[in-house]
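Listed next: structures, encoded as structure tokens.
Two complexes follow with chain A in common, the first pairing it with chain B and the second with chain C.
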Partner chain A sequence: MKTGISTIVTIMILFLAGSSLLAQKFEQPVLISSAGQSADVKLVKMLAQRQGLNATTVLMAKPDDLTGFKTLVIVPGFSSKGLGAAGISQQDEIERVQSLIKAANNLKIPIVLMHIGGNARRQGQSDSFNQLVADNSKYMLVVKQGDEDGFFSSIASTKNIPLTLVEKIAETAEPLGNLFK
Partner chain B sequence: MIKRTFQLVLLLVLILNPGIRGQSAYPSTGMSGMAATAHPLASAAAIDMLKSGGNAVDAAVAAAFTIGVVEPDGSGLGGGGGMVIYLKNEQKSWFINYYGRSSERASELNFSSSRDNSTAKAIGVPGTVAGLLMAHEKFGSLPLKKVMEPAISHAEYGFPIDQTLAKLILDNIDKIMSDPATASIFLDDGFPRMEGEILVQRELGKVLRLISEQGSKGFYEGPLAESFVKGISARGGVLTEKDFASYKPELTVPLQGTYRGYDILSSNVPQSGISLIQGLNMLENFDLRASGHYSESARTLHIMAEVDKLIYADRYQYLGDPDFVDVPVAGLTSKEYARERFNGINQSKLDPPRYRDAEYGEPGVYDKNYKKEPVLEAEPAGGHTTHLSVIDKDGNAVALTQTLGLFFGSGQTVSGVLFNSAMTNFSYNAENVNYLQDSKQCRTSITPTVILKNGNPFLILGSPGASRIITTIIELVVNVIDFGMDVNEANLAPRFYCQKFEDYLHVESGIKPEVRAELEWMGHPVKVYEGIDLFFGGAQMIYVDPTTGEYSGSADKRRGGIAIGY
Partner chain C sequence: MIRNHLSTIIITIITATMGVIAAISFGKMHQPEELFPSEGLTGKVMLSDYFEGIKGTNGDTEVYLFDSGVEGGTALVCGGAHPNEAASFLSTVVILENLKVTCGRVFIIPRLNNSAFTCSDPMEGFPASYEIPTKIGIRKFRLGSRVTNPLDQWPDPLVFSQYPSNQQLSGFETRNINRSYPGRPDGNLTERIAYAIIQLIDKEKVNIAFDIHESSPEVPIVNVIVYHENYEEIAMGAILGLEMAGLQFSPETSPMNFHGLSHREWGDYTNAIPFLMETSNPSMGRLRGKTDVDLVLRGYCDNYKKAKETGALRIAYREDTGEPIAHRVGRHIAGVVELINSYNLYYPDMQIVIENLPDYDMIMEKGVGEFLNN
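So, the complex of A and B:
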């Protein structure tokens, strides 16, 4: 029942947002970065490679790193291990992501949210990053488990952002590639 | 049949609600038995054994084999551990040290912990199988096949991945991908298996079945051991067939101490019961209750943090494998030495101003047999482990902590067995007591503990969490004994951690803001973790009411798991 409702919601979101999806162009080269320093960004890098995208991954991208890129893919998800390895606090990371988003908006570089970690990257400290990126994205590609409570669907619906939900991480590859065709 | 149904119902609950581990604490009570572990299926395995007429050791061994299957990130056949056993009717206690040892060829490794921690070079001789089988043989009562049945079943038929495991697979993706055999278990189509997916480990099931039929020899000798050596060698490791064949766990007695009228039984050296006892001895010199709980009193927390700092300074200086170095056990656990160390604490401010400048003491003064060994060095961070506590109807108790070293150990899987990263716990400074030598045990933080009151089990506890284990256990003990908390309150109370080789006083946000502010004023560099955090361990505790004899269990919300009683 829950799945059925979710599917209907997804279809509705795609339908309502269809016009903006068609209008929004995503071009290469692509800059991939993290929001929260989880290892998920490394998997998105692999997915982009599988699709043959012209993509560069910078875990802690700053506004200057946007130079020359036409799309910014941000992978949200909190990892204390990742932040520890980077030697930064959660607040440092939020401020970095905020400045990156602001710069991308100023440069009119569209942001794509890719949330692939499911429940493991929801709630708690992850959702501050999820919210920040989702609110500023032009397109969201989400593994369905991460949207069981409608978190991303709700933002997509409210802000008229196209959202694609898939079952498994590997299934994000194709829609990711299609964004640039 | 009833037991199998019970397990299946639990499995169904997990499938319908796979995030159950890690979402909330599960306090439980009972009069006939109790098991608290980091996974519902491991707790269920223990309770199955108790209900089948087994004793606490049968239950602990069943849970330990099972947890290695259903929580493969934290422990397993390729790891090691320690176990404190208390047999109430005999009023006797035992300690089984089954931590890994370095290879007889370890000195050939040129090992670098930072470079080689996720390679076969990091693997020490695993002790889990020998240790659990020793416990079963000496103290168990049920047939081995019966005890190992749940673990075999969950390996062969699978179990749903819970949120904790799903997150750990994501967090450790580089390590998992580094070995195709490990990747084949935890990845699907090259990407992480997710929460709710069924994880089947058929090859591991075969190994477990072999052990259940052939015992220790099936693992440490013959074709399986040959395949381990061949696989590890092909990946650059140096373990030999002799390393496997000659591995023997040690059956000794726990290290003993007292705290405010309670008897402490904990893991013996080179495990870290010694630091727990030293810390509690020092705290006996301070009226914690009058000073107030550490979450509400900066002075209490400051004193406890200073104690932590000093016991770690001593631990880094003196704790190593007693077969290789002289450890001043009597000195480190003496009340007089603890008083001397406590009296050196500045009770109003951080002194010296950096934790790293804390000096080790001279316990040898209180230990006439001790011959001085020099040089201080931190052990590497990491160490990701699991703990389980069990008690049976007769009051026999087991506290068991086992580990693979880092999460997913070395990341190397051979013949279905994921091997440890024990070598990362050694020092590589030849002057240090924990220096890597051939066939030596490293120092480890694991601290399985049983606390008695008048000869009866009172508290059975332990935790994973690397170097945070010791501070976590101290906090849990004072929460119950000094602050009168029940077992679940004690487990949920906010935690803190600092030690000699730290730049911060790590605190959970439950430590009141005004307390944190005052601590900063006293000179502590405070680092706050919102809510509760796995960083501070995942304790599994059982409390026995001294008046009614009722058992209360608590599984730590930080790690998840479940306490089941009946």
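So, the complex of A and C:
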């Protein structure tokens, strides 16, 4: 009897969790920004365009740029060339991202993490950005190679954040579009 | 007395003999290895045909032309900007020896900095050459230096002031061609070579240009396509296409404020669409162990395996297989093909159609030598 009840409860929990994942919807317009200035953000911009999203990309978005947007998509990943091009240090970038996230949280604008750079945007200087964005996200869309060591899965599990893992960058397009439909 | 003279004569003869042997060996460094272009080759000129200022110098180099005879766009593929990057040179040689062009034209420069092929980097312990087994026999290739031979350009300034940006760099970089663009006609040899390349791009109305490189596994800019900001869509399209073929490349924008590099200055000073690609070469890294031909070609190094396992740095190194030359050449050729495919989507009136190049899987399966002629 006891076993039967716990099975039913487990099924119900799984059903509710699944429903919540399926029901995870975000609103447009969308602001897309980078954390670490890798050019991966340009790929996400292209994928969002292909999905017909009402999205604007601002590489170095600041709190003021959030005005009028209902979802913030952040693409984390360190690039020395990107930071060099922007003329800022890694610390400057960390501080910018922190202030952006804080403002988004205050405005109740949900943050979606999109990590598409695989292991090229992991470890080293990338993980400080990955950790910061993941900790504050309401949804994570990650190319599997970037999660080979369970970095994102672990955060998702600990903080109960829905996580979608896909094999390839191109495969992020559909789940990204579905988040807004 | 006689005994003293005799020993002096013997020592002199031995020393002279060693000197002659060393001189012959050293002289051979100035003899470029023979290349065997495919049947598609339609012309061969020298870079000095575009700028006389490098004629008769070690900076002059062969420019190979594949003209389909069908109106279209023009591509330029350059290897050997840094001749210590083996896959850079070899990738262009494989393209040169297999290419067929059915629309538009392709120029190939395998030894972009020919002078740098005539020496090696001091204190690095690099092998002077490496051999690749082919269908017929063994091909031997020079492994050169990152920079112009000091015999051709000396001395280095303490601080290199890049022309025309005045960006300050280490004096050593004054001999680095990929810090010397757009060059100048009355500059040092490296600047004159750079200037000649800009003249070629202009005169031949090059639409898309490739600069092929390698880098240390621990450098962040590795396994990347670096693109000029005006041509972002072409790079992104190619990266998605390459990923579908199982090859991951990271996009990197050319910094606007870092001057002298091909991906910046070719885009700023000419109408060409520039791309620079980098593969991971453990023989170039600071963490490498014994620096020998095996490391250059097999690309396997336990030090990098250990370094990657620490997780302290991002290391572009495959623990199980290393970074063998076939993998590096295969990536570069796939990158060139996919970038041209992506370019064709955006410039349908200036198509460049290339054929007969081996794909990544073929090169991995059969080895680079299978695709070298002779």
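One rule holds for everything that comes next: the second predicted complex is superposed on the first by the 156 of 181 C-alpha atoms of A that agree within 3 Å, B and C clash if a C-alpha of one lies under 4 Å from a C-alpha of the other, contacts with A are read in each partner's own complex, and residues count from 1 in each chain.
The rule is simple: contacts are C-beta pairs under 8 Å (C-beta built on N, C-alpha and C of every residue); 3 or more make two chains touch, one makes a residue touch a chain.
Everything quoted here is computed from the prediction, not taken from an experiment.
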Chain A as common anchor, with chain B and chain C clashing or fitting: clash
Chain B versus chain C as contact partner of A:85, first or second or both or neither: second
Contacts of A:145 with chain B and chain C, given as first, second, both or neither: both
Partner chain in contact with A:124 - chain B first, chain C second, else both or neither: both
Contacts of A:107 with chain B and chain C, given as first, second, both or neither: neither
Single chain B stretch clashing with chain C - from 58-66, 256-264 or 346-354: 58-66
Chain A residues contacted in one complex by chain B, in the other by chain C: 38-40, 42-43, 46, 79-82, 117-121, 124-125, 145, 168-170
Contact set on chain A toward chain B in their complex: 38-40, 42-43, 46, 77, 79-82, 90, 117-121, 124-125, 143, 145, 168-170
Chain C residues touching chain A - in the complex, by the definition given at the top: 220-221, 223-224, 226-227, 232-233, 236-237, 239-240, 243-244, 248, 250-258, 311-314, 316
Residues on chain B engaged by chain A in the complex (per definition of touch): 19, 163, 166-167, 170-174, 188-192, 194-196, 529-531, 533-535
List of chain A residues in touch with chain C within their complex: 38-40, 42-43, 46, 78-82, 84-85, 87, 117-126, 145, 168-170
